[in-house]
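Both of the next two complexes hold chain A, though its partner changes from chain B to chain C.
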Partner chain A sequence: MNSSRPSAQHLAGIARRIRRRDLDMIYEAGAGHLGSELSCTDLLVALYFGELQVDPDEPSAPTRDRFVLSKGHAAGVLYVTLAEAGFIDPAELATFMQPGSRLNGHPDRKLVPGVETNTGPLGHGLPVAVGMAKAAKLRGESWRTWVLTGDGELQEGSNWEAAMAAAHFGLDNLALVIDHNRFQQGAAVADTNDLAPLADKWRAFGWHLHELDGHDFDAIFAGFDVARSTRGRPTCLIAHTNKGEGISFTRDRVAWHHRVPTAEEYAQARAELTEVPS
Partner chain B sequence: MSPAPTGRALHDCRDAFAETLMELAETNPALIAVCNDSVGSSKLGAFQQRWPERLVNVGIAEQNLVGMAAGLANGGMLPFVCAAASFLTARALEQIKTDVAYANTNVKLCGISSGMAYGELGPTHHSVEDFAWTRVIANLRVVAPADPEETRQAVRAAAEHPGPVFLRLSRMGVPDVVPAGYAFAIGRALRLRDGHDLTLIANGTLVHRALDAAELLARDGIEARVVNMATVRPLDEAEILAATRETGAIVTAEEHQVHGGLGSAIAEVVVGHDPVPMKLLGVPGIFAPTGSASWLLDRFGMSAEGIAASARELLARKRPAATR
Partner chain C sequence: MEIVNRPHVQNFIRWAADKPEVVVLSADLTNSCEVGAWRDTYPERFFSLGMAEQNMLGFAGGLAREGFEPFVHTFAVFIYRRPYDQLAMSIAYPNLPVRLMAFLPGITTPGGVTHQAIEDVAVMRATPNMTVLETGDATEVESVLDVAHAVDGPVYVRFLRGRVPRLFPRTEPMVLGQARVLHEGDDVTVLTAGITTEEALRAVPALADAGVHATHLHVSTHKPFDDPTVLAALRRAKRGVVTLENHTIVGGLGTAVAELMAEHAVGTPLVRLGLRDTYAHGASQAYLMREYGLDAMALVRAVERLTDTDTGLAEDDLAKVRVEEVHSLAKAEAL
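Moving on, here comes the complex of A and B:
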């Protein structure tokens, strides 16, 4: 994939478009997790437009790469990304969280093409991803598994069960990307149940650890390359991100975990996301 | 006390389970066993020896056990998760609900040593809530076979069913109960003995006790129908309604809490369609005292005599056919 990766500038344009549509969608639906979605938007863009071997025309191809969004509350930005990538009709985004829509507040693999597993309760994605990577090993297939978790959700013990297993099974076809935006629903992670020293924890659990700037496409791809070239153990990429990234007044503000903007706030946010940075 | 099962050999259904798993694995390379340090208690030693790479042991970590199984299924494998029923269901219930049932992954959950099979080890190891927990989860088949042959067929049926199944297995010795030529199907009950005075419905380890109870009742001229209802969800409603219509009274017996299990499930059907007097036998809403499974079942009124006594009491409450 390396040689055919789009430029950072091109991806930044896609990311801006996705943030804009995500903002619109949450404003229209009157619900969603804006802050959590803006923090992982660039990571999703890098995955879907520069890394994952997936095909919207054959979303269940047996040897596709698997991507698991463990922080299922960021479903909105996943749907916008899947629409941008051709998995679902962009017009359908208008139905987000509306009665009868398949675009639930948390993703359902049975209904939405491109969704690999149902998430919502936290701490579910990593164990499932470990199973996927183990399946590829058992089958002798070369597809890879990518899983994106939040940081707060690492307080769930199931992650650490899975972390041990992934290292024990030597799953070098598995990469975990942690959207380390430092905030959970109610407060800073550090003030709730601190994860620090996070990098040391993953190293101690037998993972190859790499840290990167989760809003810098070149840095993200460098991290993906680290994951691809690591042998004998899984890779954990700690992506340093900002909750609410892309809108000045939501950035690093815990209140925006799942707040819906007022009309005034919406107008300002829309204007910020429309300006093309020089 | 139950009558001495003279001449009846008792079988540990885990043997039939493990043998069938290996037969299936011979022809289906996608079939794998996934366990939580439970190779011995799931009788997977021979499987492990034959296919060491297809025995995925995740250690003592049930949330990861079930989550991984969902991922293994997504990746094209056919995982049979083998773990003590108490830990599999209680510890990983949210993974069973979300990763397996809601996501509709092709995972087979095999709860070994269910009920009070661990006897004297106590209520921490008893699994007498699992019917209640699993049967309320949408898209999950719940099956408790009664003997080795039914276990063999249930394992095959689970493998063929394209979706989540919970197989509830025991280690307590049971005699053969299903007839020669029996064909198991998920959701179909088996009438083992006909009768028109009342119906005894049981599954798993209670089926042979219900048959013995019917034998005792027959000595008093009471003709009890005996139904093996191996599938708790989806229930064989037609067989239940045949029992209400044709026999007018139902006693249920299960190695499970009396709340929320097989009896409750049957009562939901009965009350909604054709109310008749019922007596539900099971663990009476307590954490069981120290004792073997057999001793506890007797103590909770589920010896053959105990079931027969409940049947007689119920008959006294049964309404004449003309008024039903």
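Moving on, here comes the complex of A and C:
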């Protein structure tokens, strides 16, 4: 994919549009996880518009890359990204978390095209992804499995069980992207159950480790290239991000994990997220 | 009665020969769950995940998502307790064809409370999309593979290992949702599942000789629980119904029968025999079945109470209990 990757400027425009629609959606629904979604928006844009071999016209194509959003509470920005990528009708975003909508607060793979797994309870995505990546190895198929987790999520022990298994199986077709925004729901990760030294942990578990700036598209793609070129073991990309990135007053503020903006806050945030030509 | 030594071992190898999508997952209880020879026969389809059950169940979901049919082999307690969140959210909710082969159900383990799966049927019955089966003899150990294989969704199987009696002819395999009618009578209806069926087989003919006539059903499908044969048998009982289960009386066979009776206005007394909302302690299966009232004499006494009868039956009047040889001689605890 790297030869045909869009420019960082183009992707920044897409990311701005997605952040704005996500803000609208959460404001309209009166619910969502704004801070958690803004921190991983650039990562999702890089994945869907510069890396994943997926086709909205054939969302279940056997040879597609698999993407598992393990931090399922960021479903909102996944839906907006899937709409931007053509998997679902953008008009449907207005139904987010409304009665009868298939766009639930956490994603359902049976309802929404492009969603690979049901996630929400943290620590589920990586074990499932290890199974998917192993399945590709068993069949000798070349598609890749990508997982996006939060950082607080890594407090769940299931991730480390899966980390052991992925390294044991030598799953170099599996890449984990950690949205390392440093905050969990109630406080900073470091003040809750500290993960540091996070990079050392993944190295010790037998993964190839690469750190990058999760809001710099060139850096993100360089990391993706590292993952794809690593042989014999899985790759962990620690993406350094900011919770609430893109809106001045939500950035690095733990309260915005799932706060819904007031009318005044919404107006200011929307002004900050003015669309730029792509 | 024929006693079959480890019926699962060769049967599962034969059965899987033409099913390349079938894979086996183990959490370091490979020989304890009788799949050591399977591993040696199909090494490319066998995965030991170590003692990491949360990952094992998520991994199973991932494989199933991609068209494989994982048969998870471990002790029952390590399937439905520790990794229940993964079981529910990574397997049951997406309705994936994962087969959960749950060994040492109830008090069949000598390992004590920590290894006794006494509320698994309750938990699995309460889990949407889950089919819940229980094997009661060698024929069912062999034929449950076809039954589970045919289900488009997850299946939990209470599984028997070691020396297993053959109570039912090979020509009468387990059928999904169909109870077996083992004896007929109008006074009471007795429902059993798993290892308690053998106990009822000791008691019911003796009761008939003493003038109390029971219909005896063996249940191998706990969910779905909508067999018309069961409902007809419940309606037939003039004096009452007795359930006998290797499980707590909360949420298992007795509860399923109570639900069915209430929903269909079957107005006859129900006695639920099983663990009475208690953990059992660790001991031999025979001792525990006696101690906690899961054996043939407990059934006789329950039927006597329901029918206001004193049959005069004592343990010596019943068919002999077979010598318990479920566990390995090589390892005292047989875990």
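As a working rule, the second predicted complex is superposed on the first by the 274 of 278 C-alpha atoms of A that agree within 3 Å, B and C clash if a C-alpha of one lies under 4 Å from a C-alpha of the other, contacts with A are read in each partner's own complex, and residues count from 1 in each chain.
Here is the rule we go by: contacts are C-beta pairs under 8 Å (C-beta built on N, C-alpha and C of every residue); 3 or more make two chains touch, one makes a residue touch a chain.
Note that the structure is a prediction, hence the values are computed from the model and not measured.
So if we stack both complexes on chain A, do chain B and chain C clash, or do they fit?
Partners clash after overlay.
Looking at A:A135, would you say it contacts chain B, chain C, both, or neither? Reply first, second, both or neither.
So A:A135 meets both chain B and chain C here.
Examine A:P121 and indicate which partner it touches, taking first as chain B and second as chain C; both and neither are also allowed.
The answer is both, since A:P121 touches chain B and chain C.
Using the touch definition from the top, say if A:R231 reaches chain B (first), chain C (second), both or neither.
After superposition on chain A, A:R231 lies in contact with neither partner.
Report, in rising order, the residues of chain A that make contact with chain B in one complex and with chain C in the other.
In the superposed arrangement, which is not itself an observed complex, chain A uses residues 109-110, 116-121, 123-124, 126-136, 138-139, 157-158, 161-162, 164-165, 168 for both chain B and chain C.
Show which residues of chain A lie in contact with chain C when the two form their complex.
109-110, 116-121, 123-124, 126-136, 138-139, 157-158, 161-162, 164-165, 168
Which residues, counting only chain B, touch chain A once they are in their complex?
32, 53-54, 56, 58-59, 61, 63-64, 66-77, 79, 94-95, 98-99, 102-105
Please output the residues of chain A touching chain B within their complex, sorted ascending.
Touch residues, chain A against chain B: 62, 66, 108-110, 116-121, 123-124, 126-136, 138-139, 145, 157-158, 161-162, 164-165, 168.
Going by the contact rule set out above, which residues of chain C touch chain A in the complex?
23, 44, 47, 49-50, 52, 54-68, 83, 85-86, 89-90, 93-95
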